[in-house]
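Below you'll find the structures, each written out as structure tokens.
In what follows, chain A forms one complex with chain B and a second complex with chain C.
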Partner chain A sequence: MSSTKLLTLKTSDGEEFKLDEAVAVKSQAIKNMVEDDCVSNAIPLPNVDSKTMTKVIEYWKKHSEEGVSKDQLNDFDKGFLEVHHSVLYDLLLAANYLNDKELVDVICQEVADRIKGKTPEEIRKEFDIKNDFTPEEEEKIRQENAWAFD
Partner chain B sequence: MSVDHDWSELPPELLYTIVNNLTNLNDYLHFRAVCSTWRSSTPTTPKNLPIQLPWLMLPKNRSNLHGTGFFNLVNNKLHFLSLPEASNHRRRRCGSSNGWLIIVDESPLIFMINPITKVTVNLPPVTEFPNVVNFDFYSVGREFTVRSLGGEVYTRSLKEMRDSFIRKVVISNSPSRDPNFIAMVILNETGELAYCKNGENSWRFIDDARFYAEDVIYFDGLFYAVHKSGEIAVCDLSGGSPSVSFIETPRQIGGDMQYLVKTNDELLLVTRFLELDIDAAYHQLDVVYKTVEFRVFRLDLDGPKWEIMNSLGDNMLFLGENSSLALLASDFPGCEGNRIYFTDDYCEANYDGVNGNHDLGYYNLEDGSIEALSCYPRNSHSMLRWPPPIWFTPNPC
Partner chain C sequence: MAMLKKCENLEFGLVRSTSFGRKRVCLPNIEDLDFISTTPKKKICRQNSFSSFVKSPLEALPQDILIRIVCGVDHDDLKRLFHVSKPIREATLVAKRWHFEYSTPRKTVGFKNATDLENLSESTDAEVPNAPRQSRFPRSRLSRKKLAEISVALFTSDGEENWPQRELFMQMDTEI
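Entry: the complex of A and B
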């Protein structure tokens, strides 16, 4: 018989989220705090905003559900990750901060998938990254492996 | 919480996790060319990339001023790599293994080059084989003196030694990954197997494995060499002298050439069947050899025996002068399994004719059909087809 203990998480913008401890410990960071017994009050998460926390909790809950098949989880993940890169960015930093290795890996795989098959310029466009190489540096990079940049 | 969503400011450990999900060398190089933080937080040489899909290294006339042409099967692109070391007409390629080309020169140097990194490594020269008893550069046309197993000596010219002495060279690992790599050579005329470890000055014969000379591969610390009739010599070269054991399968009958390939789960014997063909073009008849069939067998250690396989499943095989390779089509979007990609690696006669044809393409196990590669339509004739195409695995380290 397991006790359903509720934890309160407080995001950077002041919102509070109540969550089953069993689900919240997907975050290694939260798990450590639970084990160190410092969760009597709300757990502050100054590095995560409420918008991102909502999404993280959505992921955690789906991946804690019983009776969900692997295929269903894959479909969920696919839809979950079909977001603008800025949302993905916040999710990745939050998952890293919360130390949820599984979620970090899933997001990193999605980022890699958005990089595959693209030229450097296309990758920059995809993620709104500024090209900060000088023309000389770019030429040097090209020369090192000219065949890859033709 | 980030205000800017600046992907260039992502913590290095996250960038590293992302880059480790890239499986293609092209993608890895493009990643490192996006911005300076992405570049500085990733190693110049990726150590974790899986084996890349081979390119077809094209003959000189298909190359151009930019260098030697390499054909990419998946996107039909031609990559050009500058390879002056390989284009010298006094040299011949005698192996393509772990991303390195092994080249024999008339001089009688043997060396390896990685076309991606341009690193070269010397191997002991041709004169350092135990049966090469003399080399005199001034005996024109008879520079080499070779002793046969029976004790007779005969002479060979520079060109003859370059072209027919060595059949294939295979290395255990890339020298950049493993400084203690071992090189194994199959000698053509005599069927000897010879090896050397990096740093050694001469080649040594593996006497017990003589005539196991159709093909040799390396995996799990051992070299496996196959006899024309299918038996295998397993060579352990880790000690001071070779230790050979045998897998004695019933004699295989038929077929013209044998290859050994290791897939993830099995050891395969692939038998290539050739037929004579008359190639009529340019008012001239050339007799050429053409591949008509491949048969694939898996090793059943319970026996031991070779058991015929009707399907390779998801596997693609790459056979020829290169170190025999098996890859899974599902690892390479755009590729299909159950195929054997082959090049022309057996018969000088195909090149004596002025307008000989390249015997290369892929064999479909599903229906036994042979298709041409899109860069080499069947029955195309081209002058200067030297050197013959070979499978080459791009390897950044």
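Entry: the complex of A and C
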């Protein structure tokens, strides 16, 4: 009989998630707590809400499944990341807080892919960024770029 | 005395005055040094003070995460990111220094015809622009000719005709 230890994670909005320890240790932060033996009670995660935690656990479970091919994982990741920017940011901050390097890298690459190939104006529009350069500063940057990148 | 009064007017409290030659300098009391050493803080005026408070969600991310995101874009996107906004520019500068200066840009090809597209996918990483050429075996930078010009033989060799000095010596011998 295999001993699957269950961990309880408590999010900022008070919801509790029970999870296999083997899956939860994808988070380096949780892994450290397990190793330091301070997981007898629920692990508080004040920086993560339940909505985001649900998504993170969904990712962890899929990537812990046995018998899943690399292509299947890639397809899953694609669908998983096809969400609005705001959801991605919440996921990114949660993954960063939980210290899951793999998830952070995957989400960062997704955001980077959304930036690729766009003009500055398109980037600003896509990510709702305000142009805080004055015309003089813009001109200065254009001149600096001329030698920096050629 | 008059000078003391003058110094008092500057609100330094009790002051000592010393004279260095012709110049007279008012020195403040030690207690008042703190008052003098702390200059009023410079007011930082921002032209667009309102926009600096309203940050987009992307810019509100911690800078180290922003830098990681920028590391995922292509070299060409860096130029464009410079123009987006100040926080993005800062992150791009750091990413450029840490990441892009140690990686080679990908080759971008202008498509001549449809058949090229098929071949491209096979050889995207085969050639890279401006990458230093590396030969399999290290090429010796010295050719034989160069070597002969700069080298000096230190030991005698079989070919005595290479030694004009010896000949001279022999000639001198015979003369004597």
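Points to keep in mind about this one:
Definition applied: the second predicted complex is superposed on the first by the 143 of 150 C-alpha atoms of A that agree within 3 Å, B and C clash if a C-alpha of one lies under 4 Å from a C-alpha of the other, contacts with A are read in each partner's own complex, and residues count from 1 in each chain.
Quick note on the criterion: contacts are C-beta pairs under 8 Å (C-beta built on N, C-alpha and C of every residue); 3 or more make two chains touch, one makes a residue touch a chain.
Since this is a predicted model, take the numbers as computed values, not measurements.
Taken together in the superposed arrangement on chain A, chain B and chain C clash. Look at A:108: by the touch rule set out above, it reaches both chain B and chain C. Look at A:16: by the touch rule set out above, it reaches neither chain B nor chain C. By the touch criterion defined above, A:141 lies against chain B and chain C together after alignment on the C-alpha atoms of chain A.
Counting the residues of chain A that each partner touches, chain B and chain C differ, and the larger count belongs to B. In the superposition on chain A, A:75 makes contact with neither chain B nor chain C. Contact with chain B, but none with chain C, is seen for A:48 once the two complexes are overlaid on the shared chain. Under the contact criterion defined above, the residues of chain A that touch both chain B in one complex and chain C in the other are 85-86, 89, 92-93, 96, 104-105, 108-109, 111-113, 115-120, 123-124, 127-133, 138, 141-142, 145, 149.
Put simply, chain C touches chain A in their complex at residues 47-48, 51-52, 54, 56-59, 61-62, 65, 68-74, 77-86, 88-89. Of all residues in chain A, only 12, 47-49, 52, 85-86, 89-90, 92-93, 96, 104-105, 108-109, 111-113, 115-120, 123-124, 127-133, 137-138, 141-142, 145-150 touch chain B in the complex they form. Those residues of chain B lying in contact with chain A across their complex are 1-2, 5-8, 10-11, 14, 17-19, 21-22, 24-27, 29-36, 38-39, 70, 77, 79-81, 116.
Of all the residues in chain A, the ones that touch chain C in their complex are 85-86, 89, 92-93, 96, 104-105, 108-109, 111-113, 115-120, 123-124, 127-134, 138, 141-142, 145, 149.
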